[in-house]
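Okay, so here's the structure we're looking at.
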Amino acid sequence: MPFVNIKIAGNSPTKEQKERVIKGVTDVLVTELGKNPATTFVVIEEVPTDNWGIGGESVTERRKKTG
Amino acid sequence: MPFVNIKIAGNSPTKEQKERVIKGVTDVLVTELGKNPATTFVVIEEVPTDNWGIGGESVTERRKKTG
Amino acid sequence: MPFVNIKIAGNSPTKEQKERVIKGVTDVLVTELGKNPATTFVVIEEVPTDNWGIGGESVTERRKKTG
Amino acid sequence: MPFVNIKIAGNSPTKEQKERVIKGVTDVLVTELGKNPATTFVVIEEVPTDNWGIGGESVTERRKKTG
Amino acid sequence: MPFVNIKIAGNSPTKEQKERVIKGVTDVLVTELGKNPATTFVVIEEVPTDNWGIGGESVTERRKKTG
Amino acid sequence: MPFVNIKIAGNSPTKEQKERVIKGVTDVLVTELGKNPATTFVVIEEVPTDNWGIGGESVTERRKKTG
């Protein structure tokens, strides 16, 4: 009964992309660890780029620089 | 000084429901583990049904089927 | 289908205490939010007191002082 | 730059299984969301069955009943 | 490659405040633990005061009392 | 009343290093966001390098290659 929490920054995925991520990640846990999909949760959290830091600055600032 | 994080999918609870969840969960930790309520945090996170997967599909899709 | 993560510092609860915490917290979500217990997960994480800070110092140090 | 946290209960996977989970989940995020693998983190947390509840009881108790 | 998740309740910080938090927390991990900033993530999550409990009540209610 | 969760891979920091991380991160939140240290929690979680993936492989494997 795994619980998977995926945090991502930036543009929100489409509903179809989210479905494929949920399906794909669940399949990995079923195939590789023998987990039961019926009790496998996958929760996607979307984080604004102002709130996600890497290298000591927000993704918002970082993307300005790398254009 | 426990920290409790509750993630739920779907319809947002009312403010009154959230108060009762916070009170109820805090009481459990005070009663069963002897924790100090003054340093017990309870954080409720509401997740859109498109972003919560179970059984390899989103709760949105699952509810359409079991409608 | 809620997911509850409880982080606690200090002495490990007994197995019986953990059972009562799991039961008590699940009951709160069933009673107050109408959640299905069959898809309610409760995960307890025990954190060493050296690794838990409050007020800018570890619980280990804090307890020495308030002894 | 996604961050994935996978919590699982019960028997610890082998090192090889963990490698395949890390690889598989990263591939899903690269393929479906176009994420950069170099900044994709996957963290696996193993939780003792006494500490994981479902249906209001621990996985330890639940497994005793279902044999 | 640390991952830092900061949850805060109440008024949303400004973009500038978030930048300084990201910078400051990253600096602590670089200075004290020798971590590489290029693989240090800091994610800030803002939680509504209705959803954050302390002492068995929401921050919303608590602030009414302490006005 | 912030809650900070720091996950790190690899060698366990010393108790003194953990104290300095707790103090440093708390100071950042007090200085930059005006938070009350008395209700600021910092929890450090140490993750085995087999369980932390980046770039689709575990930190254990990655370190073998980069020597």
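General observations
So that you can tell them apart, the chains are marked A, B, C, D, E and F in the order they are listed, and the count of residues begins at 1 in each.
Note that a contact is a pair of C-beta atoms (placed from the backbone, for glycine too) under 8 Å apart; a residue touches a chain by one contact, two chains touch by 3 or more.
Not measured: the values here are computed from a predicted model.
Counting only chains that touch, the fewest steps needed to get from subunit B to subunit D is 2. Touching subunit C and subunit D at once are the following chains: A, F. To overlay subunit A on subunit B by their CA atoms, one rotates by 120 degrees, a value rounded to a multiple of 5.
Comparing the centres of all chains, each the average of its CA atoms, the largest separation from subunit B belongs to F.
More inter-chain C-beta contacts link the pair B-C than the other of B-F and B-C. Where subunit B touches subunit E, under half of the residue numbers in use are shared by the two copies, so each contributes mostly different positions.
Distance from subunit D peaks, on a Cα-centroid basis, for E. Centre to centre, using the average C-alpha position, subunit E and subunit F are separated by 14 Å. Rounded to whole angstrom, the centroid-to-centroid distance between subunit A and subunit E, based on C-alpha atoms, equals 20 Å.
Shared contact sites, meaning residues of subunit B that touch two or more other chains, fall at 1, 3, 7, 21, 25, 27, 39, 41, 43, 52, 54. Screening every pair of chains for touch gives A-B, A-C, A-D, A-E, B-C, B-E, B-F, C-D, C-F, D-E, D-F, E-F. Interface of subunit F with subunit C (complex): residues 15, 18-19, 22-23, 25-27, 30, 37-46. Taken in their complex, subunit C has these residues touching subunit B: 1-9, 13, 17, 20-21, 24-25, 28-29, 31-33, 35, 39, 52, 54, 59. Per the touch definition, subunit E reaches subunit D in the complex via residues 1, 3, 39, 41, 43. Within the complex formed with subunit D, the residues of subunit F that make contact are 7, 47, 50-58, 60-61.
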